[in-house]
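The structures considered in this document are given below.
After this come two complexes, each holding chain A, first together with chain B and then together with chain C.
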Partner chain A sequence: MIQLTEETRSGWRVVSVSGRADSEAADALEAALRSAVEANARVAADFATLDYISSAGLRAVLEAARAAQIRGSEFAVCGLSAPVRKVFDMSGLHHVLRIHGELPC
Partner chain B sequence: MLEEVVLLAVDETSGGLRSTREFGTAYALVGAVFFDLALARKIDTGTEAIHILDRSPTGSATLDRVLAAMAQRGDLTSVRQWIDEIFHRRDDLEGEALHSLISLGLLRHEKSKRLWIIDVERFPMADNRPQQDVRLRLAEAILSDTIPGTRDIMLVSIAEPCGLLGYVLTEAQLAARQQRIQMLCNLETISRKVADAIRALDATLHQGIPRMM
Partner chain C sequence: MLLDGKLTEIPRLTAETARFCRQHSLGEEVEFHLNLVLEELFANAIRHGGCEGMRDAASVQLEMLANGVAIEFADRGVPFDPTTAPAPELDAPLETRLVGGLGIHLVRQVVRDLRYERVDGWNRLTMRRPSREGARKGES
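After this line comes the complex of A and B, so read on.
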């Protein structure tokens, strides 16, 4: 299960993601991030309470980052939990994503 | 993905399948099966094990056969074990992908005799635009600095360990973008695992080490 909530803080649209970003949740995650990117110039995905991210979840994040790049929006990933940080580190996602320890806003 | 890999491997002049590495096309087809199953949301993987999510048919006989085999072998839990298993099953992935492309009207099937007795099969292009499209996508994924689409990331991570990138870019271009290629191969969990598994399988076959179970 995944829980998605959104709010605007200091000009950033913050999408907070909790639970498990697995194959079952990947479409919802990608849709939420992409729609935030399409409607806002600055989007932060807050993964502080995300417990797990699978290959399908990672692809959803990459597709949202790609959409932001095409649109010229800022897209940042923040507050990675330890298990999610491990996956991001192994994948070298810092090469293509802005990753912050805390929310940029 | 299976058809895209075959398109990359088809020599547009001779109509034969080629790779710069021994078993390169066979590895690439095994990897492509995995990616097709992942894109169809039939399998998913975390940092360790691979999970079957849905055993319902995909509509592709090749994918459904591999999926059914995976469902019966609960003892095989890693991408590497499955790449190894599918490779050694010797299913005719190449023939199935070629027939799919023939039925789509992209390739023709020609049979002839060499020295009057040896059967020779060729698969010349009936329409080379899809092949050009796959090559362009790969070239753009490697030469640009933008984030490629998921399918293109997967395609790079198959083409690199299977020796298919040499048909898309020059040696100098590949050398200059080696860091980018490695970054793309590593970027997404299942892509990284498939690329690593293909490299490990290749090393095993060339060292004569018994297959892992």
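After this line comes the complex of A and C, so read on.
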């Protein structure tokens, strides 16, 4: 199960992602992040209440980052818990994504 | 436990993993890693192994060892040996970054002693999620 909510904070469109970003939830996550990136110049994915992520969730984040790059939007990931951060690190995605400990907004 | 070849089986797999972790007083990090390993292998069998829609497509067994958790995952998909799969290019830039192979890469990061055999139409994988890593963070 994944829960997605959106709000604007200090000029950033923040997509808050709670629950599990797994193979079942990846399509919903990708759709939410892509539509935010297509409609806003600065988008942050707030993972502070994300309990779990697998490669399917990482792929959704990567696709959103690609869409942002094509459109010229800023895209950041923030609020990662230690175990979620570790999956990003293991995947090497921390090299290609802007990752913040705190919200950029 | 046996799983049908559909992603909607993941919650059942997650619940069974949670039950196992509670039973053996395993911490959150171990549970996270067991979920990760099992989901990656199961999703791979469905997406790439031809297990989509297959009844009793995969089998999962967890067993507590003195030095970690023994994991056995088997599926009835096409023969696939993840121990010889090429590693993804982890340093590639965003534009060219290929995410294929990422799931298996994560599995290899988390487990030790990954072994593969093909038996009677099943891909059978055995591996161990060592307890040492969890113990360092105060978990069993």
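Quick note on the criterion: the second predicted complex is superposed on the first by the 105 of 105 C-alpha atoms of A that agree within 3 Å, B and C clash if a C-alpha of one lies under 4 Å from a C-alpha of the other, contacts with A are read in each partner's own complex, and residues count from 1 in each chain.
Simple rule for what comes next: a contact is a pair of C-beta atoms (placed from the backbone, for glycine too) under 8 Å apart; a residue touches a chain by one contact, two chains touch by 3 or more.
No experiment lies behind these values; they were computed from the predicted model shown.
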Review point. Would chain B and chain C fit next to each other on chain A once aligned, or clash?
Key: clash
**Study point:** Touching partner for A:Ala48 - first (chain B), second (chain C), both, neither
**Key:** neither
Point to revise | Which of chain B and chain C A:Ala56 touches, first, second, both or neither | key: both
Exercise for review: Based on the superposed arrangement, let me know which partner A:Val96 touches: chain B (first), chain C (second), both, or neither?
Suggested key: both
**Study point:** Which superposed partner A:Ser23 touches (first chain B, second chain C, both, neither)
**Key:** both
Exercise for review: State whether A:Ala65 touches chain B only (first), chain C only (second), both chains, or neither.
Suggested key: both
Review point. After the overlay on chain A, which stretch of chain B ends up in the same space as chain C: 21-29, 39-47 or 165-173?
Key: 39-47
Review point. For chain A, which residues belong to both interfaces, chain B and chain C?
Key: 22-24, 52, 54-56, 58-59, 62, 65-66, 69, 87, 90-92, 95-96
**Study point:** List of chain B residues in touch with chain A within their complex
**Key:** 38, 41, 44-47, 53, 146-150, 153, 183, 186-190, 192
**Study point:** In the complex with chain A, residue positions of chain C that touch it
**Key:** 7-8, 10-11, 14, 28-29, 32, 35-36, 39-40, 43, 88, 90-95, 97, 99, 102-103, 105-106, 109-110
Review point. Which positions of chain A touch chain C when the two form their complex?
Key: 1, 20, 22-24, 52, 54-56, 58-59, 62, 65-66, 69, 83, 87, 90-92, 95-97
Point to revise | List of chain A residues in touch with chain B within their complex | key: 22-24, 26, 52, 54-56, 58-59, 62-63, 65-66, 69-70, 86-87, 90-93, 95-96
